[in-house]
Amino acid sequence: MKRITAIYPGTFDPVTLGHLDVLERASKMFDKVIIAASEGSAKSTLFTLHERLEMLRSVTAKYKNVKADSFNGLLVQYAEKKKANVIIRGLRAISDFEYEFQMALTNRKISPELETVFLMPNEKYSYISSTFVREISKYSGDVSAFVPELVKKKLAMKYKKQTRDQN
Amino acid sequence: MKRITAIYPGTFDPVTLGHLDVLERASKMFDKVIIAASEGSAKSTLFTLHERLEMLRSVTAKYKNVKADSFNGLLVQYAEKKKANVIIRGLRAISDFEYEFQMALTNRKISPELETVFLMPNEKYSYISSTFVREISKYSGDVSAFVPELVKKKLAMKYKKQTRDQN
Amino acid sequence: MKRITAIYPGTFDPVTLGHLDVLERASKMFDKVIIAASEGSAKSTLFTLHERLEMLRSVTAKYKNVKADSFNGLLVQYAEKKKANVIIRGLRAISDFEYEFQMALTNRKISPELETVFLMPNEKYSYISSTFVREISKYSGDVSAFVPELVKKKLAMKYKKQTRDQN
Amino acid sequence: MKRITAIYPGTFDPVTLGHLDVLERASKMFDKVIIAASEGSAKSTLFTLHERLEMLRSVTAKYKNVKADSFNGLLVQYAEKKKANVIIRGLRAISDFEYEFQMALTNRKISPELETVFLMPNEKYSYISSTFVREISKYSGDVSAFVPELVKKKLAMKYKKQTRDQN
Amino acid sequence: MKRITAIYPGTFDPVTLGHLDVLERASKMFDKVIIAASEGSAKSTLFTLHERLEMLRSVTAKYKNVKADSFNGLLVQYAEKKKANVIIRGLRAISDFEYEFQMALTNRKISPELETVFLMPNEKYSYISSTFVREISKYSGDVSAFVPELVKKKLAMKYKKQTRDQN
Amino acid sequence: MKRITAIYPGTFDPVTLGHLDVLERASKMFDKVIIAASEGSAKSTLFTLHERLEMLRSVTAKYKNVKADSFNGLLVQYAEKKKANVIIRGLRAISDFEYEFQMALTNRKISPELETVFLMPNEKYSYISSTFVREISKYSGDVSAFVPELVKKKLAMKYKKQTRDQN
């Protein structure tokens, strides 16, 4: 029998119900799944890496074979360190598709034994993006349909603090 | 530990090196993979279902955890019969993507526990299609770069016979 | 105030819950909506034009400002006859998009005053296609999630009759 | 008879002939159309919100049922304040399509009664983007084919001033 | 100096103003351009190969370095016979793009020295397709904006004859 | 005989094996090819314009009819200065396609005699992007499969210097 460790990488700024839907599907298919927040140096994030990891830990605590983690640097280097065989990515739209394929083929060139697997979220989550979630939250819009309860609270606190800091 | 049976369905008219590349990736990831030729009633095929199954059997004999089979009717019904948990599909291009997603979401509605997993073939096989292979073979073009040796021979015999039948 | 008559054309072989979702959105926006089954000479349909029109009539009876009809020939000619100002089309996916745009730009060239308007169905209907519905029904799969109850019955009767005719 | 108020939102930095083509189509279809410049906090604009609104006012003065405005915050909140029923968006290309659909579905979740309607500009405007217009103007290229006369002048003045400020 | 012979292949059933726009662009760039109608065995055409070739000859007579021809079998075999170095293809839309790339990469595998070059038609022809032209002509719609005058006449005669034959 | 000068513009930050593959194809087709690094004011680059030009010069020295250059401002203005007839662009993916078409149609409007020609790189380079190359190099990943040897060294030196500067 195969023993597969899969990594589900992302910025998760913040984690959405769409991410969790993909994670749950992966957790049913593979022995161990690590959901791993990347530092994402290229773009400045709303939540710190530590905050994002804490949220991931809380909302994935109920999955026995899932572990939350964070990483720095290249995904392929992290995967090697974790002895992972599989990378999980959610595919929602064409624009995802192109970027994801380019990244997956590049990763495969560097690390041929690491396979990328694409899963589809439930169609009701197919349009959720962390970017829109932050935008809505910023203007006090209701994000209950897009993120777990805990994340909703963290978003509210974050934007309240920002407003306070500006005054 | 999970025990996953995956089905890799297709028309395979005929099977190409691109199909086999996807199959090999799946065989490393899941405990058992069934490569299953669909009867494909909607379009008339060059090879009969029996011929396609025979070719699949020959070219996949070397994979221990792979079994070749054929099926009729709906994929979800066949998957249920085989107690499969996962459907494998190769994704090469945007046009694949749309059709595949539509089919996968429809299948999920009928059979929510059956998960569709998308894998990428090696980029050197990303443009191969059974349709082009048949077209090239028909005009005696060389298909060595696109199909296994056995399939190349079967194609040559098929078109030779067709030409003979027309005279 | 503007008085707009919109036509929602299609093959509707058969009409799905996705079509009805788009229709309902259009009916809230325009004064009068004609849902019009095209004869669709180019492809042979499962249901006759008469059967398709009857189904449209039944399932749209509850909308006061909607009328079901059928037409032959070019959509722009039919629109002119009906003094319609607007064509309604549902957009679900990229492949829809390209074909629809090409058709809409061609129609605009012939009939510049006739505007095409694109609406999005609810995402839960975004993957439903009449083709898949017919395929599932043919193999006695359950299509309750995709079509109205009446259409489900008509599909069952149609395929039962086909099976009987073949024996 | 229905009385529909539509909002056509955008950054309009600056407004192009493509935007005005979409606006004119919408103005023929709906009772009232508000063309609304968003503050666009996320990206820094060439023209201030006030300048963009002034340009919109000038170039849309000839349409009786069109009003130019600007807004801050979420589009759905602004639409609610304006009692608008419909959001107008121009669709030119696939990349538009994906982003627009994601935004439209997100907006629908928050405000289910607000419908997004997609219109096609004339194909001769399909490739115009405000970004390219700014780029061409910056290097004194001729933008007559892309923007109204007034906007062309404002662009020239803006870049002249920038050059002066740098000296 | 390079001496390049380019082939512009297609079904041309019938040739449109979009095809001629691409052809003219190619004729300015390469020393010799052969516009070549393929027999197109896979799909039944409205015009015979002979009729299509005659139309191509008439409408391209004014270009000194263009020759009209027809071919059977694989494009790469025909290109070899004609000692052509370049294949010309018009790219209008995403759906073109995918099919064209798959075909071009397949051709390159068989004939590595034969390069495929993609040109864009004028945007005012970007939506014209032979399929729509035939459909419009069939119902006596006006195709003046889509095809040369000669082709318009041939279409009218063809459909008149078909109608007569059916009576 | 035609005498064609083609420009292959880009940021080339840094030049990759994919760029060189496209360049070589163009050099076989046109009399003279200028590979021209744009200053790229809009985005900050890793390498200076001078460094990028030096790398282009080194890696293209072996092509007799290729010249490396750099330019500022609009491509169409640069092309006019160089009396170029043709712009070369590599097309790898759908996202390329849309942006490239928009840019090419805009350029054509300003400079109708300047034709844009699209070429396909070898599929083994289809996923390489300068962005990924920089990212991999930053974390000391191996980029041998993506860039020429010289570029690999320059990348290593650049990131070593950056690390040193930060300490």
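By written order: A, B, C, D, E and F. Residues from 1 in each chain.
Simple rule for what comes next: contacts are C-beta pairs under 8 Å (C-beta built on N, C-alpha and C of every residue); 3 or more make two chains touch, one makes a residue touch a chain.
For clarity, every value in this text was computed on a predicted model and none was experimentally measured.
Visitor: If every chain is reduced to the average of its C-alpha atoms, which one ends up farthest from subunit B?
Guide: Computed centres place D farthest from subunit B.
Visitor: Of the pairs given as A-B, A-D or E-F, which one copies B-C, with over half of its contacts the same by residue number?
Guide: A-D
Visitor: Distance-wise, how many Å sit between the C-alpha centres of subunit A and subunit F, to the nearest whole number?
Guide: 33
Visitor: How many angstrom lie between the centres of subunit C and subunit F, each centre taken as the mean Cα position?
Guide: Subunit C and subunit F have C-alpha centres separated by 48 Å.
Visitor: Whole-Å distance, subunit D centre to subunit E centre, using C-alpha means?
Guide: Computed from C-alpha means, the inter-chain centre distance equals 39 Å.
Visitor: Got the subunit C residues that touch at least 2 other chains?
Guide: 94-95, 98, 101, 105, 123, 126-127
Visitor: If you go through all the chains, which pairs of them touch?
Guide: Final set of chain pairs in contact is A-B, A-C, A-D, A-F, B-C, B-E, B-F, C-D, C-E, D-E, D-F, E-F.
Visitor: If you look only at subunit E, which of its residues touch subunit D in the complex?
Guide: 94, 123-124, 126-127
Visitor: Which residues of subunit D touch subunit A in the complex?
Guide: 73-74, 76-77, 94-95, 98-99, 101-103, 105-106, 109-110
Visitor: Enumerate the contact residues on subunit F facing subunit E in the complex.
Guide: Touch list, subunit F to subunit E: 1-4, 25, 28-31, 85-86, 91, 94, 97-98, 101, 104-105, 108, 115-120, 123.
Visitor: Considering only the defined contacts, which subunit B positions touch subunit E in the complex?
Guide: Those residues of subunit B that touch subunit E are 93-95, 126-129, 132, 135-136, 139, 141-142, 145-146.
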